[in-house]
């Protein structure tokens, strides 16, 4: 087998390993907790190794997809039909082929890396859980489907794995299915995703109709705006963009490692990744809309994050706003910077979530930051890691977040000034709420028994934190050349002449924003016992706290559209069709029968009379 | 005017209808039988008239059969009435309504 | 002797055998029925496997009969044919054979039948009658899917009518089972009679019941004024067939019998009926109505498309409101029929292939779902989802399968249903974009809503207080369910398995689509 | 004249007389056994006459012809008579005295029917019909210690006599307008008739004659007598009434329409009349039966409905329709006899005719349950039984003349609706057999003890079983014979 | 000739009417008596039609046998005359209407057909050819009628003879 073939089949191996472990766990090793965990970790870790090897062995050919087998074929297989072919006969064929280019390889690394770390982290975190094996099985299944999205070379394949990611996240979110909140959250996440997927599928159909292919490689510019936007709907659902962002915060009901894996690094990033994949099909109008959606999401989410008390929810909203950032970047025509931010964000957001997980673990599943405090002495390492992540997220100079955010701001500066401004504002807010979170959770004095009795978490949990903090420090550095490779090699974006000024502007703006946010946060929350903001902001803070009442709005809409319709339909089915239609008819027939029977009076002369009348009628009818 | 076929036919039709009337409105079984007899006789009259005016005897042969059949019918019917009367002392049709609907 | 004859004959023969066995030997009936259906299943699998590539005498151990129609059979891609004179006066033959559609349907039917006989555990009284009726039903429908003589097709299908009635009445559930039995019977017979009228009119048109000859004539007729039968007649015939068969399938608004009947029927009956027998209408619509009366189809298919909207959207919405698990599954299965109708209404090769795929997938799925719910009923004596909550913890295996079934029901990739529905959408998209959009919404969102609600109430959450004690499936009880889910996954992950087979009947599709294609030009 | 032409009828009559005589020297308890001898004799006679039957129409000089149509119906009548005799035998202990007279009368009625099958002139038609009818007056009121039997007899007698009087008057008119009684002469005369004024009289005559036959056939509006008479008459007689005398009416009607009035076959009004009556009859029978609980009455209504189907076949006025009718009748025999046999046995055991007596039958006597179910299914016309083939070819015949007569849809539509309606009551019989509640209004559990049926009844049941399934699966022979019998029957199309 | 016809037909119809619808008496005996008169006057019409044999048979069979049978039964059962009040008005009126309609239709048809004009020959009513036909051409119906009479005989015996066994109500 030549090297080419090895290179060709390695991604497939990476893809299939987790599936294999998932199947093994489901079928055989459900009973044996450690064995299952081992299988799952082994699979993803091996995958990580292979992906790193692949990423390292960059061969130049781009956008290369390899056919594995034909998934579904229609219209080819009429071998010995003697009849002449019909004029309008179409054929339809979907290949299962894998994308094997630097972008997918980079994504492979990201997914498997975070995946591995999360697996390791979960070893301890989930130790006491009785669904241990099931958890790891689902985790592997999720990794499989996520890798599927990364590797799929045509839209239908991507849609398939898209759905699978949805369902696996559903399984993971409602892992503690006996907890009503978790079950509901899973349901909400799945259905919201499905709404997005409707658009996605319609987009695929429209593209198929317009360019007669669904292979990403052969997609061109001749796709209409509508199709692009429909495709974008998928991303809106998956990476929780406004207006479909509501599911992500609730998804925090799932186990924290899951949140780290799915809702920080991978699944929600899938949308952005997909946008970058099919970037070519977007028309300028489409891009504009995409950008604005991203900007709005970023701003709204940041505002919501400011007033959350649940540590995971804070992170969730920050995730939302960061995703908004990335989408905005795509909208500003900078898929490279989007991918760049995606990568760095994966690192530090996973770090933050895992850190939060460590904190929660230590505080016996206490998640309210106002019930924590002074953890920096009790969990020094967690503290350091968390702060690193926070700084990176806040865009503290020379950390990874700083560079990636600058790249985005630069794009925005070049394309749309308003978005640039929004971006800066969001940067300020980000720095502010992260500062708030850190200060309240780790400084001051412990505000609850759980916080008092917290102590440092074991090494298996610390190790991922350390690794991730290193990544989130260095990943952005120009010396690594990640951004350069993305923009230059992968997306071939030429450096525009006024990039220099834009770059400086972005850098300055970013720094100022970060500083502003951190300082104001420090000033407000330096050993604060309760949140001072509500008193200052009043109404606005209530709106922030209640997430601008989106859930209520949607509940209202749903109740008054779909639910009402379904009630009406059920009513009609019961009373109109089954009742009036069916029972009515049968009743009418029955009554007719009873009436006609009255003819049979049993009286001979009536009978005779009837016969004569009948004869009379016949004769009269015939003879006249 | 001379008496033609039509006159005989009209007589027979009227007689026929009288018999039918008897069947319909009289409730005494025996009288109903008489009505039936009248109907058959009316048919006989028609047949005879036709055969006369057509010069062929088939009609009369038919009449011969009809008379016999009528006699047999009456015999059976009257026997039936006797049996019925033994069972329930009646020969009124309005009492014969144990089966209906 | 074609193997198909055995596939159909085994259950019928076993029914005869069981009829003479005294009623005390209760195990005998169970195992006899299982044996017969298993035999059919194995044969069906064999036929399925050797069906493609085209069989030559040295390859296939069963040499295809040399009949005068063999050229036609090759032309239309029919294999394993057997033709025997039956009623010469009416020019009716015993004529069996399968093309792509036939073989997948037969395989599906055999699978579900075997599963159904295995799931008939709950029957404890009057087993003799039950298994005889079940076998009659099975043999009949298996035969209907493989018969090339329309009379034979109809004849065999009707074998199921009376058994359904008796089974629901004697072994059925619920207080209004009598009403359900009457309703389902009257509906089905009405549909059957309309179909019969249509079939007779076809027969009078072509002077033969042989599907192949009729299709051949139809192609010669096509376009030519002479000898062709007029568009008006085609309209009548197609209307008769469409509505008659539609009633058999539960086309909106003739669908209300289905959930009621399945809710009241014993498990095995519900599996067979919802899974297999219901598909007959669609099968005949695709195999007979479309190719033989294409011009009629042009008139009626848009209306069919509108009506199928009733199934897809309306029944989906109705399903959202169901509290009883069986009613939910029943309504959702009616809704799924809508996708098939959509595929048929867009007479395109893709759409029709998709339709057949959905038929197969839904057959398996309905079998699985009703089997599972039936097991639950046998455990809990109720299917009211207000009473049954949080079962997953108590019965993990059953729960997992149920989740998979429901997920398949809302079109999750990896299950055959998704492949089928996707194909249908691709086929119908260019013809009926709006309806397809609504269909996608229904498939992805509405389906998800009611299926997830079911999971949420039935399986997730804490165990309800009224929830009775239930125990999970034991070792070998799992076999039928596992079998069905395995096949669903197999076809879901590699649908090419069936699409290739279905491609064998392209000739039929072509004939169906030609007229429409002409129309579109 | 050569007696071989009427050997069958002579034989049958002789058997009847012989039974009457033998009866005198037979001890009372063994009189019922005479049935076996009657059956044997009938079989023998039929075989003999059939063997001496030379193909091709016999002479019509005596107003009697023995063509293949006649032979078909004679076979049909003999078969049904045999079944009825067997049924009578298993019914014997209901008939205290005169069982052998019953056999004899059945034979005489049979003779009349087989004359009717070959009737070729109005005189013959009249005499044959009267022989049948008067015999049935006696048969119907045979259980003279049951009031209902007598009541049925009286009703049947008066209405029957009235209708035959009407028929006679019609015959008179036909004779008057054509001057002939023989069918072929009538046909010739009508061909000659050119002025339609006489034609009018002729039509009137035909209509009144048909009215008499419609009465036998129980077609609306001459159907009113059926339920009462069917309910009151002894069950074997009811059976014979619904398979024998109905069929006699049918064959006479076929002959009359096919041979005596060629000009009318092109008349639209005749088709319209038949169509209207067919639709009305089917609907009437089905609708009235819906709420019916008395089994014999139920079957009475169902026989009205089936008369409608026969008319549906006759509307076509062509050979195809006639063939369909013949086969339909052949299939009909087994269904009706099977059903009535079971009903006779069960109702005798429980001295009741309410549908609830069938409860638990599946357990009390599997054989009877099976046969009754199959008979009902066959009557309802569901595969794979004989009745389905019958309904199928009837519909085929009707639909095949769809383009010939624009009225057809208006017959076929109601026919289909009627079938669906009829399924309701047919299936409620099946329901009663398999999960009936018994007399639920009395809160008494249905009987469960096994129910044994007499030997002769078993013979009938098995015959019907094989007949139903055999004709359903292999209808070819009968179809072929029926086709032969009705070949070139109608001049029109 | 015409006079005779009118007398006989008038008698026939009048007595026929009185048979079925006698305003003065509902007694079956009266009806029977008028039936005799009807029969006789009708045989008179037969004579006018030169069907002498049939006229004789008519008188013999009917007046001789049938009527006697009637009277016999009436006496046997000593039937009282039915009360007037139980007389369904509706049925009667409808009956009159129906029958009248029937008569109207038939007469009208006969009149339209004009057989009266077309057929105006008169033959000679000999009995010999009648008997000839009866035993050659119509032999078979003749024999059947004999069987029929046998049946009637058996039937009458069966129906009217008392049962040896005790009479029990069957329902």
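Each chain carries a letter (A, B, C, D and E) given by its place in the written order, and its residues are counted from 1.
One rule holds for everything that comes next: contacts are C-beta pairs under 8 Å (C-beta built on N, C-alpha and C of every residue); 3 or more make two chains touch, one makes a residue touch a chain.
The structure displayed is predicted, hence computed values, not measured ones.
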Steps needed, at minimum, to go from subunit A to subunit B via contacts: 1
Going by the stated contact rule, which chains contact subunit B and subunit D alike? A, E
Which chains are in contact with both subunit C and subunit E? A, D
So using the touch definition from the top, which pair is joined by more C-beta contacts, C-D or A-E? C-D
Taking the mean of all protein C-alpha atoms as the centre, the chain whose own C-alpha mean lies closest is C
List the centre-to-centre spacing of subunit D and subunit E in whole Å, with centres computed as mean CA coordinates. 30
So, in whole Å, the Cα centroid of subunit A is separated from that of subunit C by 37
How big is the gap, in whole Å, between where the Cα atoms of subunit A centre and where those of subunit D centre? 77
Provide the C-alpha centroid distance between subunit B and subunit C, rounded to the nearest whole angstrom. 65
Expected list for subunit A, residues touching two or more other chains, is 597, 600, 602, 604-606, 608-609, 612-613, 615, 619, 623
Where in subunit E do residues touch at least two different other chains? 91, 95, 98-99, 102, 105-106, 109-110, 115, 137-138, 141, 145, 148, 151-152, 155, 158-159, 167
Could you please write down every pair of chains that are in touch? A-B, A-C, A-D, A-E, B-D, B-E, C-D, D-E
Spell out the part of subunit D that touches subunit C in their complex, as residue ranges. 362, 373, 377, 382-384, 388, 392-393, 395-396, 399-400, 402, 412, 416, 419-420, 423-424, 427, 430-431, 434-435, 475-476, 479-480, 483
For the complex, give me every residue of subunit D touching subunit B. 122-123, 126-127, 130, 134, 137-138, 141, 144-145, 147-148, 150-155, 157-158, 161-162, 165-166, 168-169, 171-173, 175-176, 179-181, 227-228, 231-232, 297
Report the residues of subunit B in contact with subunit D in the complex, numbered from low to high. 5, 9, 12, 16, 19-20, 23, 29, 32-33, 36, 39-40, 42-43, 46-47, 49-51, 54, 56, 58-59, 61-62, 65-66, 69, 72-73, 76-77, 80-81, 83-84, 87-88, 93, 96, 98-100
Within the complex, which stretch of subunit A touches subunit E? 605-606, 609, 612-613, 615-616, 619-620, 623
Provide the residue numbers of subunit D that touch subunit A in the complex, in ascending order. 154-155, 158-159, 162-163, 166, 200, 203-204, 207-208, 211, 215, 220-222, 224-225, 227-228, 269, 273, 284, 287-292, 421
